[in-house]
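Quick one: the structure is below, and I'll ask about it shortly.
Chains: A, B, C, D and E, in written order; residue numbering restarts at 1 for each.
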Amino acid sequence: MTYFLQLLVSGVVVGSIYALAALGFVLIYKASRVINFAHGQYIAVGAFTAYALAVFLNMSVWLAGLIALLTTALLGFLTERVFLKPMVGQPIISVIMVTIGLASVIDGLVHLTPFGAGNFSFPAFLPEGGIALGGISVSYPQLLAVGFTALFLLLFGWFFQKSTLGIAMRAVADDQMAAMSLGVSVEKVFALAWAAAGLTAAASGLVVGAISGLNLSALTAIGLKVFPAVILGGLDSIAGAVVGGIIIGVLENLAAGYLDPFVPGGGTRDVFPFVVLLLVLWFKPYGLFGTEEIERV
Amino acid sequence: QTVNLMWSGAITGPTSDAGAPYAAGVEDYCRYANETNAVPGVTFNCIVRDDQYNNANTQRNFEEAIDLEVPIFLGYSTGGTLQLKPLVQEVGVPVVPASMHIGNIDPPNNDYIFLPTTSYSEQVIALLEFIAKESPGAKVALVVHPSAFGRAPIEDARRAAEELGIEIVEVQETGANLDYTAMLTRFAERGVQYVVHQNVAGPVAQILKDSKRLGLNLKHAGAHYTGGEDLLRLAGDAADGFLWATSFYLWNEDAPGIRLQRELGERYGRSEDIIRSVNYTNGMMAAGIAIEAVRIAKEKFGEVNAETVYQALMEMNWDSGFGVGPVTYGPDDHTGVDHLRVLQAKDGAFQPISEPFTSALFRKVHFQQ
Amino acid sequence: MSVHPVRPEDLGPILLEVNNIEVVYHDIIQVLRGVSLKVPEGRITALLGPNGAGKTTTLRAISGLLVPEDGAVRDGSILYRGRPIHNRPPEEIVQQGIVQVPEGRHVFKHLTVEENLRVGAVTQRNGSIREGLERIYHYFPRLRDLRNRLAGYTSGGEQQMLAIGRALLAKPRLLLLDEPSLGLAPLLVREIFEIVARINAEEGVTVVVVEQNASAALSVAHYGYIMEQGKIVLEGTAEALSENPDVKEFYLGVAKSGGRKSFREVKAYKRRKRFM
Amino acid sequence: MQLQVKDVTLTFGGLNALSGVTLSVNQGELVSVIGPNGAGKSSLLNCISGFYHPTRGEITFEGHDLTHASPHQITRYGIARAFQNIELFSGLSVLENLMLARHTYLRYNLLHAALFFGRAQAEEVENRRVVEDVIDFMELEPYRKALVGNLPYGVRKRVEVARALALEPKLLLLDEPMAGMTLEEKEDMVRFILDIRAERGTTIILIEHDLGVVMDISDRVYVLDFGEVIAEGPPEVVAQNPRVLEAYVGGAV
Amino acid sequence: MRYPWAQTGNYRTSYRQDTTIFATYWEQLSLWVLIAALLVLPRFLERSQMAVVDLIVIYAIAVLGLNITTGYAGLINIGQAAFMGVGAYTAALVAPYLPFWLTLPVGGLVAAVAGVIVGIPSLRIKHLYLAIATLAFQLIFEWIVGHSPALEQGGAIAMPRVTFLGYAVGFRNHHFFWYYVALVVLVLLAFAFRNLLRTRYGRALVAVRDNDRAADAMGMDPGRTKLFAFGLGAFYAGVAGALFAYWSRAVVIEDYMLSTSIELLAMAIVGGLGTFVGSFLGPAFLVLLDINVETLSEWIKSFGITPAGIDVASGLRPLVFGLVIVLFLIFEPRGLANWWRLLRSYFKNWPFKY
């Protein structure tokens, strides 16, 4: 039983990292129906910026983290301005490819810094160890992940359901021209979405950095883990991102816990989420909370 | 006379944390060789290529190298080297990969491939021997990278465990994950005492940290690419007690190769991280083997080509100063440094806890000798 | 009929003035070739004309919605309260009080009815949204019942009401309606036009309405323009236009005899050779 | 009786778009369906053409059960439709749009197609001829190779009807083919509809809000309100029905 | 026509003529000239240059397939490399028993079956959701190979050396031999591609892309059409994969991973999505670009001005790759095919400007 609980708890913790990453992903999709394949790169940029500030400039990790959040938000904002804005009105495949190209560009740029290869780790900024509840242990960086996720969930949940600007963002996703006719600045909405996505990406970068150190390919890989989470939750649902992320985290852990011994070589956690993804797509094409495409003829 | 040399490996992409310092090692040693005129009358033109861990790139690079008439080629990944084997056999150009996969030098098509040091298999078996000595009948789990590289020692390890009377409870493949609770708690439940890794440093560090956080009574050990400064830096004090098998001297030891490495690293402006990296040493040795072979070929046959360099390798016995034993090759011996040591992490540094030795058990289980 | 034809100026101060504009799409397709019109404040102005005449384009030029269609005003000017507004971004124009209800309704399908309305208030800084919503529900009581329904699942007439209501929340001084009767049943057409007339009368909102359904439009409008092939070809008060014989035949479907033309007869006078 | 809709109910999450609709159409008839917005007219058409499947009831066409059939099957039975909101292949030319309607008439296989020899070519040419006839009939010659997306609205509506016609259907379903058209264009469309019927004997079901058109050209009219048939009969009779007047017109015509 | 070569415009006087691919005889002629040029090309190139040309030809085959699935049918496929992989592994398994000219179609067919299976989600989902499903397939494929001892768990499976008409293909002639094989395959598949696209099969693909509901109403089963698109696209990939296996002498999983899928997509986009010539221009451009950037960064490095620890090539290659994609999409969304079109119409109208 403790075995199961331990799997569950750490599944939730890992899941909330996915959830955090998924949040940023969903933000962009929600506003502009764009799937951002560069999300993993933003995560990396956030993490490395914090590292550079903390180590090269000797800032406290907290302050460095804060600045990194803002810088990455700015980066999100700028990429929208420079790369995505000209793509308005182009087919989806082109927009997807722009984000793929963007991922490659950011990768290249990171390689021109000392962070291209190698492993780095933040100076200690959280207390050693963690808390243990009835034999189940959770470390402080993991708690930080859960905290960040909860914070952003509440923030964005409120924003999209209650604030006028949030509703306007959803309106833009639905029908840009109509939104413009009502005075919504589509450009501002997109830029805002990308900035917010940058912010959450940096938050996930910080958390991942704190938990398992910084390595370019490991950080960017999280950008892929986001997909099962958002498909399960529904591409355009904030709550879905969080629930989807956590479910995927838990399922992964349960797979690793209960399936691995039966599969030669194990490693089922790497594939299990994607199998789940396909199943979800088949049985619930719009995920748990995603809005169904309204198609009337 | 200008001799072209080429290294093709992953400076970016998967395993680049090892590949990047390795490349630096190759590059710097080459430069040093030219500056010191290591082979009289020969200047080396060293080309360092990033193949992004992509075999098509490796192959293209290799073929270009052949067109450039390199007498010896420095390779990298397990996959890339295995793929090249038939071609290498056909063109007869010696290849020294960074991968220490025993399959590289197993038949067929193995005549021209030379490992710089002991194989992963031998390293893992050496660790198993160590474990068997420490706690006879121990239960062991093997955690490996999900690739040909990671899977390399599994078969030999199973046979060795049988010989040693220890039990391999599980073999798990794992890349970078954020959390290893499931795997580790299960190991603990199944009575595993030792976890032996064949992986890169990142995942191992994460496993060590999780293992410590969960308060599990597991001891960890790993082959060449699991250890080194990276592991210490990433895992912090969770690395304490980690057992590591490698054929190289460490950056803080007083060995001739290491002195050279420090000096070159500083001279060529390498960061401290690179200078301390065992893969920097590794790259230097690979370049060293190539250049030494060219030297012998030039001295002995007066001309440098694939054939003469191959002949040179066949009789090489070079004390590089980088490895814990001399680099020796022969018709039946395609591993360079035949010795290795077991080291243990303690207070942020690895300390040798054995003398250099070769594993007879490995030879027995693998070559049926 | 008076001796002098009534000019727009006679109906009220000119709120909007379109001077000789030319509009081009994608830099090559010229659609408007010198369109001029005046919109008297507090009145309903109808803009009629066949498909493709450029009515929608004219409205877009005023509201700034040419931008998403890759169109631009090339020549001429549009003055709103004496200030030029052509080629300004739409959000700026909305802020000045001009709101367009696009052709084909374009409700936000995945938002609820009430959320749709709230988007209309996005440019309102501090006005209470509650109050605005109440005002809309006053005109369109049906929307109140549907407030939590997804807009995509409401009927055509309800969507049209929603689109108009949504625009009203932006507190327009000038409301541009593009074919509000499109696809609506006769009952709803009437209802919509009644509400438009009420909004105009009760709140003094100036309205420009583009319509195919000429009789419905002329029944509420004060002044009207007729546009063909990118040019204004006829203008006058609603009454004057309704009396014009050409308008009668081509827009109102009145037969020479005075009664309604029958569609059965079309075969007789337009039959042509074919091969089937 | 060619088409028989029996007691069809269609529910969307609790909302009855159609409840117990019964309707029958004879070979060669022109039947109109009118009713307020949201009455379920399009839903009825969607049920007949297989885009929606009735929750209850059944639909048969010349002995084929349409109730659970998919649109492409139904098309093969000889039913074609034009959509309320234009559903053309906007990236293709008028010609290509119409050639697509010939899909089911082309029988050559993949190998023929890959070699484009013999059968494939012959069939293509033959069907091209049919399509050209339709283009001619609908007076679309000037637009033959124009991209549909760039055409004026009225022409696009006409292409929709032409495409349905290229399927050579026995039953043609038209969902508001004249919405948003000027009087003149409406007259043209009416002319086409009457000609289709006269020259081919095609059965037609027409949904239209313009009562003038409906009253003038229909043989029979069905009136839907809240998913129920509230009146049925010849236009003159229906036009006098007080329930119809109240629900649809809100007073006298 | 009396002087077909003097023809300048597009005179088509029958429906049959209107179905031909080439408007003018000049176009036909230039095609033959092109094929002739391709046939003699190896005479002028070094062996290592031929390796690059081979790579381009092989990728062009895969990109043609991708253009069927993604370009024409509009089904975004982020798993084309996996289909290549299926073809390659199939080839590796059957190569010891079959002559190579049978291995290639067998690889294609098995990949086509995989394509149909992967296409199944397209019966229920669309657009981006479908794109993600193909991504999932790519990752699942990688995992399955990694866990299959029969496939060496992704390690190298050597391809046997081919003997053709009693003549063994070895290192020296390897790339020349496979060039001709790949060229023949490419020409055949390109020919089929062009033909298919002007028949009901091709039209159906475009129809489901544009409007699958209307396609349904036209009597075509959108589901089956989508499966067909996946199957056919995967067939091309499978053949390309089998060729790739021979070309690289061994099958290793790293060649068929996600990054390759993305490169293939990039080639299709840069070439001009849904265009025929783009399927050749895209691969050629990106492969040559990559090699030249490599050379460029080696040149930059030779100045020794870059700080230690930073590898210029490692940074420049992804940077340039990404930039090229992004810039093309922004400034020339129709890809190189559009340049080609402009160039052609320039020559066609020469000496007139328009």
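What we mean here is this: a contact is a pair of C-beta atoms (placed from the backbone, for glycine too) under 8 Å apart; a residue touches a chain by one contact, two chains touch by 3 or more.
On a predicted model such as this, the values are computed, not experimentally measured, just so you know.
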Graph separation of chain B and chain C (steps between touching chains): 2
Of all other chains, the one whose Cα centre sits farthest from chain E: C
Centroid distance [mean C-alpha coordinates] between chain E and chain D, Å: 41
Chain A and chain E: spacing of chain centres that average the CA atoms, whole Å: 33
Whole-Å separation of chain centres (CA-atom averages), chain A against chain B: 36
Contacts with 2+ other chains: residues of chain A: 107, 111, 114, 116-117, 264-265, 267, 270, 296-297
Set of chain C residues in contact with two or more other chains: 153
Contacts with two or more other chains, residues of chain B listed in rising order: 11-13, 16, 20, 146, 151, 173, 271
Sites on chain A touched by chain E in the complex: 33, 35, 83, 86-87, 90, 92-94, 96-98, 100-114, 116-117, 224, 227-228, 231, 235, 263-265, 267, 270-271, 274-275, 277-278, 281-282, 285-286, 293, 295, 297
Chain E to chain A touching residues, read off their complex: 70, 74, 76, 121, 124-129, 131-133, 135-137, 139-140, 143-144, 146-147, 153, 213, 262, 265-266, 269, 273, 309-312, 314-326, 329-330, 333
Residues on chain D engaged by chain C in the complex (per definition of touch): 12, 15, 34-39, 84, 133, 136-137, 139, 152-154, 176, 179-188, 190-191, 194-195, 199-200, 209, 211-213, 216-217, 247-250
Parts of chain B lying in touch with chain E, wherever the complex brings them together: 11-13, 16, 20, 23-24, 47, 49-50, 52-56, 59-60, 63-64, 66-67, 77-80, 82-87, 90-91, 103, 109, 146-148, 151, 173, 268-271, 274
Residue ranges of chain B in contact with chain A within the complex: 11-14, 16-17, 19-21, 146, 151, 170-179, 181-183, 185-186, 189, 201-202, 205-206, 209, 213-215, 230, 233-234, 236, 271, 273
